[in-house]
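Below: a set of structures, written as structure tokens.
Below, subunit A partners subunit B and then partners subunit C, in two separate complexes.
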Partner chain A sequence: MSNYYDDLLQLCGWEIEEIENERPRIEKTFQRLELGPEDMETADAWVRQNHDVTLMGVRKLLGAWLKELIDLILAKDEGKKIVYYSFPTVVRPGMLIAASAEGTYVGGPDVILCHTMGQIFNKLTPILEAGEENGLPPGHALCSIWQVKVGALAKGIIPPPDMAIASSYFCDMGSKADDLLAEIYGTPIEYVDGTMDSAWGEYPDYLPERAEFLGAQFNQLFDKVKEVMGFEVDFKAWDKMMPTIRQYFGDLYRIFELMQADPVPVSSVEVELASILAVACTGRGIAEGAKAIKILIPEIEKRVEENMGVAEKGAPRVMIVLPSFSDPSIVRMIENTGLAIPICALDVRVQPPPPKVQHNTVGERIADGEIRGGVGLFHSSFGTCHRMAANLEQVKGIDGFIYNYQFNCRPVAQVSHSLKRWVEEKTGVPCLSLENDIGDSRSYSAAAMRTRVETFAEMLKTRKVAN
Partner chain B sequence: MRKSEPLPLSGRDFIALNHASFIADKEFMVDLLESLVKELRKQAPGSGNGPRILLTGSTLAQGDYKVPDIIEEAGGRVVIEEFAEGIRPYWEEVKLEGDLMKNLADSYFMQRVPPAWFRPGRERLNFLVDLARDFHVDGVIWYHLMYRESYKIESYYFPDILKRETGLRMLTVESDYDATETGPLQTRIETFIETIRR
Partner chain C sequence: MKGNRLIVAGVDIGAATTKAVILNNANKVLSFSIIPTGHNVVQAGEEVLSIALDKAAFSREEIRYIVSTGYGRRAVAFAHKAVTEIICHAAGVSSNMAQARTIIDIGGQDSKVIGLDDGGNVINFVMNDKCAAGTGRFLEVMAGVLDLEINDIGSISLMSENPCTISSTCTIFAESELVSLRAEGRTREDLLRGIHNAMSHRVAIMGKSVGYREEVVFTGGVAMNMGIKKALEDEIGLPIQVPEEPQIMGALGAAILAKANLEKEFRE
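After this line comes the complex of A and B, so read on.
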């Protein structure tokens, strides 16, 4: 028996059998999300407008996000214990916790809601408004990602967690919003603090005490999991997970390679669906995402062979930091100005220097890996600037850089102007510092940013012809 | 002395004294405070019986007297403040025996009530509840600066804690030091003072 949501789910890569098997769960989820037949029509148009649904891999990725959404919404109903982590996240602790106990839901609910209620249903605004009404008001440069989480909890969409991990190694506003959860829902919070105290020019080096401190915080987190959740974090679980994770990221890097073709074969919004899925969730989303990527790779390979792309061959190639989590039309707007986006800065990986100190605990090793490797964000402001410039030098043929930074994110916003200067001086690549909001496009819509991006695009096109 | 009734000096005067202590010569300031205490003990009981106010928030900078002035002009009496730059460092003394650096760190990081951006933030909120009780206040005015997100977030859930623990009400006001905000602030503070007046 079909229902009003079947067509949309099939558009998002679900098989008929999957829909039949999950029908009660789907209906319970959609009821809680207040999604009805009209929402399916809106979603159908929104998905077709912004995503390339001729690619089954893309449809399956959208479907993977929806499956993760259902698992999130129903986690408490289905007797699972729940741990939420915050963004930007150090992924491994969450994965370790998830792998240590069956029946535990571990994930980043805000990012999942952005990708589903935003990217698929275009219905994130009521959740943002609920966040604004419940402790994180508008007009105060408070993080929209957090407004989504608080709003979804206030509306009863997502269940209150049994424990939350605060990413206070990066952000102070988010961790203060964790206090809000503690006060309102009684949620035990583990604050994972760090010290981003590196001098300007000090990268990739850093004081080893930084890793010791952050590592001790991760170790405290693992102790807290035992205390609150009642199970020990199994560090050997990491070994069990590694083949899956390696496979996922190995396949993702294959897509990054394919994206270097000219013309760029698919929109950056499709790649983002895959790259963020792996950091927003630890369960079914990853497993389903891995299958979707396997389908997507040959589809993109075919496009490369046939010289098909989303921008014209020879179009100026720009690197952006990261597409919007909630509104794919922004990246589509950039691409529609005639710019090709072959890769996002946060997807570029460079070989980290070898560790200078052999750390003894799991927490310290995770901390050291994040500060030494990663994308520079967890190192320092200079680390971020340095890495952005290094990324532009590593990825060949980039004509421009759009530093599209979250305006209300203290660490990334405060470096926006120095980063532009640093990148342009070091690489000669023109940089557009573009204020935006990764979770809330009410003030930072594609239309609002179009004039600035178009001007930048025209400049890059002229420059490319002149060179 | 500020716990007593009638109030020996206005909140506005105390705030001015506190701010003066930041820049005045310490020996001069100690002499001045000692003579002031003697004078206050001798003087006739102060006038006024308006609501006793706990004024708290992020920052009460030197020269930023708009809110305390409006409170007192509306008939309220600021009997105690709790701000990052205000009275917070004076609640405990640095021990002079033993390792002085350790004592200093202990005073800064362990003894002193932490500001809002420390988490968990409940210690400061509990301290505010204690201040409200100890200073027999009739209401709390929470005054923070725009974009001080930690205080903004706390101001959302503290009124419930305050109400539950003391039965008191709280008014939250916000400023970005804009001259045009005086009128709206005045309206809100005057209304609050009227509603809590006994």
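After this line comes the complex of A and C, so read on.
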């Protein structure tokens, strides 16, 4: 028996049997999210407008996000213990914790809600507003990602976790927002205390003590997991998990390779669906995402063979930092100005500097990796500039760089103007500093953003012709 | 005039005013018109072009190519192409002032600083984000508080002997500050000079990431305000040129690009 959501789920790559098998879970989830028949119509139009649904791999990726959403919403009802980790910090420890625990839901709920309630249903605003009403008010330049998390908890959409992991080694606002979880829900928060102190010009050098300190914090987190959650973090789980992760990222890098074709074969919004899935989810989403990528690769290969693309052949090629999590229309707008986006800066694999010391513990090894080449380097303004320039030098044929930064995220916003100058001087690639909000499309004027991007596109086209 | 039939037009639909320029193939401005944008941008576009065409004694059918620009550029259904106002201002200014290397454009809703290369191409630019401070709207609000006409405030500000300091960078907060200073008995000349200095300071800082290179040209409706021109010159330490008709530089640039596109079509 079909229902009002069947068409949308099929549009998002679900098989009819999957829908039948999961009807009670789907209905319970949609009820909690207050999603009715009208929302399905809105979602259908929004998805078709922003995603290439002629590609089954894209549809399956959207479906993977929806499956992860259902698992998240129903985790408590289904008797699971829950751990939330912060994006973009603590992702690797989060994955390790997930690999160690059967029957525990581990994930980044804010990012999942942005990709589903934003990208698919275009209905994130009520959740953002609930965040604003419950401790993170508007007009204070507070991060929308955290507003989503707090708002979703306040609305009873996502279950309160048994444990939340916060850290300021990249994002100071995350740990502050998680304070509210403790205040409102009594959630045990484990703080992974980090340091943002880093001198201009220091990177790629760093004090090994910083890695040791952060590593000790991670190790303490693993002890806390045992105390609060009742299971031990199994460090061998890392080895068990790695083949799956390597396979996922190996396939993802194949997509990145294909995106280097001219014309660029698919929109950057489709690639983002796959790349962020791997850091926001640890369960079914990532497993389904892996299957979706396997379907997507031959579809993109076919496009490359047939010279099909989202921008004209020879169009100026720009690197952006990251597409919006909640509003794919922004990247679509950039592409519609005639710019091709072959890769996002965070997807470029730059060889990090070697570790300064050999560490003995898992926590220290993770910490060292974060500081040398993970998100931990972005707390360093110089590290961010260094990394962006390295990205532009590594990826050939980039004509322009759009530094689309989260305006309320200090590690990336504060450096935005000096980064533009630094990158232009080091690489000769023109840079557009573009204020953005990856979780809240109410925070910017699309018209003003379009004027900037169109002008930048025109600049790059003129420059390309002249060269 | 009618002997030369390669006639093109540029239409600039801005936040406050809508402008049109009719150009012949010798790059001669045959006519221009400026009207308030009002609530209907489609209608404003139609009307402004109609007025300019009447002035030049041409009909719509005789226009071979139209480029639209400004915030409402996409609403101009009759235009052959829509181009951003930054590109159009560069084209308009370069056609008049070939030595221009920096443009400061302050319109009703936004402000921009644009860097040009020797060929008049845009090589860098910056726009204000969201906030109305640093725009024509800021001056309109302040003129309203002091019950003055917008066209008069620039010259009055130049008579100040002891400018006030307006510290707020937000239009609404600056308005409150102005009301407080007025209550303290400060003269309107000093109040206005303080406002002009505050706004110029904000725009000058914004443009530092582009850099100020001579010649610096000031465009947009606010460029007719000599108080802002003087305050900007003091801020950036360079002389500033103002075109004869600073408001129509965007529409002029659009018309020049229309002509270039038409010529390209002929070549192809």
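In the analysis below, the second predicted complex is superposed on the first by the 457 of 467 C-alpha atoms of A that agree within 3 Å, B and C clash if a C-alpha of one lies under 4 Å from a C-alpha of the other, contacts with A are read in each partner's own complex, and residues count from 1 in each chain.
Criterion: contacts are C-beta pairs under 8 Å (C-beta built on N, C-alpha and C of every residue); 3 or more make two chains touch, one makes a residue touch a chain.
This one's a predicted model, so the numbers in the text were calculated from it and none came from an experiment.
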Practice item. Identify the partner contact of A:455: answer first if only subunit B is touched, second if only subunit C is, both if each is, neither if none is. Key: second
Exercise for review: Report for A:414: first if it touches subunit B alone, second if subunit C alone, otherwise both or neither.
Suggested key: neither
Exercise for review: Return first, second, both or neither, reflecting whether A:21 touches subunit B, subunit C, both chains, or no partner chain.
Suggested key: neither
**Study point:** Touching partner for A:444 - first (subunit B), second (subunit C), both, neither
**Key:** second
Practice item. Answer with first, second, both or neither: which of subunit B and subunit C does A:360 touch in the superposed model? Key: neither
**Study point:** Touching partner for A:435 - first (subunit B), second (subunit C), both, neither
**Key:** second
Practice item. Quick one: classify A:179 as touching subunit B (first), subunit C (second), both or neither. Key: first
**Study point:** Sites on subunit C touched by subunit A in the complex
**Key:** 71, 83-87, 110, 121-125, 127, 129-130, 209
Study note, to complete from the structure: Residue set of subunit A touching subunit B in the complex reads 134-137, 140-142, 166, 168, 172-173, 175-180, 182-184, 189, 191
Revision key, fill the gap. The answer for subunit B against subunit A in the complex is residues 116-117, 119-122, 146-147, 149-150, 152-154, 156-157, 161
Review point. Contact residues on subunit A for subunit C in the complex?
Key: 407, 417, 420-421, 430, 433, 435, 444-445, 447-448, 451-452, 454-455, 458-459, 462-463, 466
